Amino acid sequence: MSEFLQHLINMLVLGGTYALLGIGLTLIFGIMNVVNFTHGVLYTFGAYIMFIVVQQLGLNFFLALPVAVLAGWLLGAAIELTLLRPLRGSDIDTTMLVMIGAWIAMQSGTLWIWGGVAKSVATPFPEAPLVLGPVSVSWLRLFVLAAAAMLILVTYLLINKTSLGRAMRATFQDHDTASLMGVNVDMIYTSTFAIGSSLAAAAGALLGPVYVIFPQMGDLAAVKAFAIVILGGLGNITGAVIGGFILALAEELGAGYVSSGYRDAMGFLIIIAVLIFRPTGLFARAERVG
Amino acid sequence: QTIKIGVNEPLTGAFAASGTYVVNGAKIAADEINAKGGVLGKKIELVIEDNKSNPTEAAAVAEKLITSDKVPVLMGAWGSSLTLAVMPKLMEYETPMVVETSSSGKITTTGNPFIFRISPPSAVEAAAFKNIVDKLALKKVDFLVINNDWGRGTAEDFSKMMKDKGISIGLVETMDQGAQDMSAQLSKIKSSDSETVIVTTAVDQLTLIFKQAAALGLKKRIITTGGSQNPDQIIAQAGAAANGTMHLTTFLPWFPDKTPNPEATNYFIAEWKKRGFEFAGCTESFRGYDGIRTVAAAIEKAGKAEPAAIKAALWNINIKGLNGDIVFRKSGPEGKESGQSQPNVYLIEINDGKVEMKTL
Amino acid sequence: MKAIVTILAVAALGSVPLWLRDPYLLNALITTGIFVIGAMSLNLLLGFTGQLSLGHIAFFGIGAYVSALTSLGFDIGLPGGFRLVHAPWPPIVGFVLAILIAGLCGYFVGLLSFRVRGAYFVIVTISFAEVVRLVALNWVELTQGPLALTNIPSIALPLPGFGELTLRTKFHNYYLVLVVALIAYLLIARLVHSHFGRAMRGLMENETLAVSVGIDVTRTLTIAAVISAAIAGAAGSLYAHYIRIIDPEVFAFINTVTMVIMVISGGKGSLAGPVVGGLIFGLLPVALRPVMAPEAQWIAYGGVLIAILFVLPRGIVPSLAQRFMRRRSGAPALAPVTLTETSAKEPA
Amino acid sequence: MLEIRDMVCGYGGVTALRGISLDVKAGQLVALIGANGAGKSTTLRAISGLVPPRSGQMKFEGIDITGARPPRVLASGIAHCPEGRRVFPHMSVEENLDMGAYLRRGSGEIAADRDRIYTEFPRLAERRRQAAGTLSGGEQQMLAIGRALMSRPRLIMFDEPSLGLAPNIVERTFAIIRGIRDAGTTVLLVEQNAFAALEMCDHAYLLENGRIVLSGAGTELIANEHVRKAYLGG
Amino acid sequence: MARSIAMTIEQVAVRFGGLVAISDMSFEVGEGEIVSLIGPNGAGKTTAFNVMTGFLTPSAGRVTYRNTALAGLKPHEIADLGLIRTFQRTSVFPNDTVYDNLMIGLHRRGRVRLLDAILGLPGARASERRLRQRASELLEWVGLERRAHDAAGSLSYGEQRLVGVALALAAQPSMLLLDEPVSGMNASETHRFVELIRGIRDRGITILLVEHDMPMVMTVSDRIVVLNYGRIIAEGAPEVIRNDPAVIEAYLGHGAGRA
């Protein structure tokens, strides 16, 4: 029983992590329809910014977070301006491949600059966990959970309740018509990508200290992020959050009660199963023919 | 005019960090040898190629080193699947290779007479651990191992050894290479009735495991194996969470005097620091250092830089490596045996952020 | 014109081992060739049905494992205390079985995953490949898991009257790969220029409309998936018998990515695209190796990829074909122009 | 108000407009008619900046808007209700209408305009929260018209507004169009229902193969033999 | 008129969540008849087409075509019965040429065995020749020969609608469901289209037409069914419908007599 409770707590913490990974990608992949292979690199980038600011410059942990978010925003904007804008209107596979190129180049760049040895970041949280009866959880991860919840909420409001968010959705549904409505679509493209990137960097900045920081850390994170976005339905933030928790639950119970070798397999099997039942994710958009 | 030695290591991809360490160790050895006049009156030259942590590339790189660069001998290829991929090429071109890191039992048992391994396969490590086990008073152990040949081999060989000793085996949990969250496995181990966990994986995952185990309030004795633990990195990154953990290791850079070859150890560590590398890298890089010294010794002994002669000479060398005598013994099917040397194995413990040698 | 180019290209490729003596380069060509076959099979799905499979390596890997296990034999326990023992068979049988079983997997994956489209299909294929990888990793009794299958024999061709020809040398393997590649190419070419090819294109461009004129989505896509998987399986088999060791790493995502790079950079939906893209990106690492540091090689690799797409956004072959052979039959004279891009590019 | 001189314009390899000159006077309702593929929609797209002109000149209220991008054209006072509905499929009816007022400020006035549109097209009011992509064809067309009206332009261009609308709704739509003209907004109307368009317009142009071949008052065009035969089915 | 019945629609209902798109709709279409289905926007006409062609499963009721119940059949299986539709939204294969669009449309006619196609057997080649012949005929029929080698997506709106109709004809219909075929055509073009439709009917093809162009509907239909809010409010000959007060109120408006 206590083992089960511990698994549930783990699921909660891990699910928050996954949701955080998912939301940045929901913008870029779900709304903007760019198969963003650089998502993982931006995640890694956010983590390295934390490392630089906290470990190398010796600045405050909480100060480093907004710095990482801002850096992610800038890098995202730069990627959009240099790599995506010239290819506007090419098909989705072409932009995907450009993003693959950027992923390969940037990841190797990270390796070149910082080397392959993993880094870690000191945090101001106590090392002793919070113990609640038979279960315990680390303070750092509780903080991450809270920060994730906040970022998710902010993103949700941005997309669904602001005029910018509406313009973003409109642009990616029909950019010609959006421009006829007076939307500066170039600006929307750049800012959507930048915001999505800054969320990826935020995820890296929050999770880098939880785990360790190394050049390939983003790869697995990105795969999971894609899975989460798909589970929840493209562009659906609430869906991404729920998708994150489902994936966490599948993995946690898979490892706990099936076999740890098949831990990730459980996650993937859940995805396959969900999509067979609901081919457009858990929260499908309404569509019609004719 | 130089003597070329091929070095086939992962410098990019998943194993980049470790491969780079090994290469740095190898360079120290080459420079040291050349400073002393080289071998057979010629300087040695390392031809270093990146196998991209990818078996296909590892085989291609071996092919390139042998056929284009015409190296008479190789060192490599870090991971077991990389080394295994290279092995058919060694047969094809009849060129020997010194294996410095790979631990898969298969490497020396499939009948490839061009393989000479200086790293301990898990069976050797288990055998060395046997003597220590009694003193630790183990009763029941769980395993948490990386899901590759190394982790799985360790779990298998250690279980066998412990069963013989009357110790019962509990859970055998695995984790994927690259996995970052092991909470699920650790939660399961937390609720089991064993008192000790044997953990086998690379240093990054070890750090994560210690941190996550502490966060979960897992209070069992943790012993790591494999010699890649890099305690300094663990101390630096896991902090207090690393206290009380024990590690089976093959090299003791903290206690040069206790190593089989204190002089070489001191030289190596001094050189390592001089070159500005992180001290933590020592426990990986010394294998590259030993590997090249092994190769050089064999060339010297062979009297010429030719594959067949070097291969023959490898059977006859006896040098003092940083972790024990490097003497190859026959392993594998008769007539096509590979060489395997027997390094020393030590148990250390981390206490208050310091490495202590466990006197047993 | 097209025929002449094709014949010249085949003749050029066929002559390579006669003058290229460097075994390293030949080795690079052989492994590249194997991946080109994989890329051609991926192109059948991606380029002609529009379904991007990011788990294509699964079929390649399944082919490799089937072929290796057929020729090595195995002995596994089954539920209920039974044992399944298989004595080694000749590798050529493994090759055939690899094609059949990979094709069969293609069939099941097709049935399952063609319920979903687009991004959802992408994720299902990734998931499938990961599950297969994890099975290969964890079903140690059958696959040896991470311990790898080693000592896989080379393919031997039975020559009636002469006994067997074991294809051990690079010379032999080069021609083996070339022949398999040619057959795969012809097969795909025939298929996409037929009635089935048109059905696939219809589905790719407007599925609702295609269905309304009587095109059976599942059947069409499944045919494409089966043939594609079977060809990938053949490539995997060649790989296993050439490299002669196989472990779950073969399912690595980067291998799928390599194929995707070959297809899209060369030009998806064009027959020659994956071949051209494949040769470039198969041999680029060889060319970069001597001139720069390992990390820089990857950066350059990514850079070249981006540069190609900037200059030729539709992929090398289609973009060049469009430039040099405007208004030849087949290619639409007047392509639809999506509006805002033109306004972004053309001077006002 | 709007002057176009010798405008040439096309897509990739083809030229769709081969030198068009036309004038829209303030307060007028001007109709543009022509066969399929004549270039009517292209003319509107060129004005709103979706397709950049290759040569020629466009002025709106004396200001040069040649080659201006759509947001600027809209900001200068020209709205374009595009052909083929083009609603934002995954957004609700209400959000679509709000997109029409994207450049406007003042939420009170916007809400009032929205309510006016709901009164004109009660169907849309019933469907406020429905995703626009699931509306019926005619409902989408109503939404597209409503959305264009939301921007409160000085010149509004409709591309086949009656497309797919029920006869009674067509009547209402034409009444709305006449109504906004009467209220002082200038209208440029492309219509396949040539008879209705010519009947209600102040001035009309006939486009054939990318050229203006005829222009005059609506009644003149109705009387024209060629027009009767080719466009009015008579 | 003692016609045999081609299609029967019995008590069909369609709901989307809480929204009732069609409630209890029943009518029949006779072989060789031209029937028009009209009604206000959002009345459920396209939805009815979607039910008849298998794109939607009705919440209740059944549709039978030539004695085959359509329940559970997939759209392509229904198309195989010869029941072919066009779409209200322009619908073409945008990146293929107009000619290739028709070649794809000829799918049903061009079926050959997979192996024959791959091996390029004579049967497959002869079939290809026939298809090309037929594609050219259709192209001529809709008057788009000039645009044969342009990508369909580059055509103007009205031209794309023509391609849509040609595609449906290419699929060898025995019954054709046309969803607003003349929207986007002017009166003269519509006249020509009416002739085309009559020609199609004369070849024995049954036609069910959805259209808001009243002059056209009135001239071409044998019978008209009027739908409002998913319910049939009137049914009968054009003259009857034209003067039905309920229809005038809900749909025609009072100016309908004009134009």
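Here the chain labels run A, B, C, D and E in written order, and each chain numbers its own residues starting at 1.
Just so it is clear, a residue touches a chain if its C-beta (ideal position, glycine included) is under 8 Å from a C-beta of that chain, and two chains touch if they have at least 3 such contacts.
On a predicted model such as this, the values are computed, not experimentally measured, just so you know.
The minimal number of chain-to-chain contact steps leading from subunit B to subunit D is 2.
Each step here moves to a touching chain, and the least such steps from subunit A to subunit C number 1. Taken together, subunit A and subunit B share the touching chains C. Rounded to a whole number, the gap between the C-alpha centres of subunit B and subunit E is 73 angstrom.
Centroids of subunit A and subunit E (each the mean of its C-alpha atoms) stand 46 Å apart. Between the CA-based centres of subunit C and subunit D the separation comes to 50 Å, rounded to the whole angstrom. Subunit D and subunit E have Cα centroids lying 29 Å from one another.
Along subunit A, residues 108, 111, 176, 179, 219, 261, 264, 286, 288-290 each make contact with two or more other chains. Residue positions 137-138, 208, 295, 297-298, 333-337, 339-340 of subunit C each touch two or more of the other chains. For subunit E, the set of residues touching two or more other chains reads 16, 46-47, 55, 87-89, 154.
Interface residues of subunit E facing subunit D in the complex, by the touch rule stated above, are 16, 19, 39-43, 45-47, 88-90, 154-159, 162, 180, 183-191, 212, 214, 250-253, 255-256, 259.
Those residues of subunit B that touch subunit C in the shared complex are 11-12, 49-50, 52, 54-57, 59-60, 63-64, 67-68, 80-81, 84-85, 87-88, 104-106, 110, 147-153, 174. Per the touch definition, subunit C reaches subunit A in the complex via residues 46, 52, 112-113, 115-117, 119-120, 122-124, 126-128, 130-131, 134-135, 137-138, 208, 253, 257, 260-261, 264-265, 268, 293, 295-299, 301-306, 309-310, 313-315, 338-341, 344. Taken in their complex, subunit D has these residues touching subunit A: 48-50, 69-71, 74-75, 79-80, 82, 86-91, 95, 98-100, 102-103, 131, 133-134, 147, 151.
On the side of subunit A, the complex with subunit B involves touching residues 2-3, 6-7, 10, 13-14, 17, 108, 111, 115-120, 122, 127-129, 131, 136-138, 141, 211-212, 214-217, 219-220, 251-252, 254-256, 260-261, 263-264.
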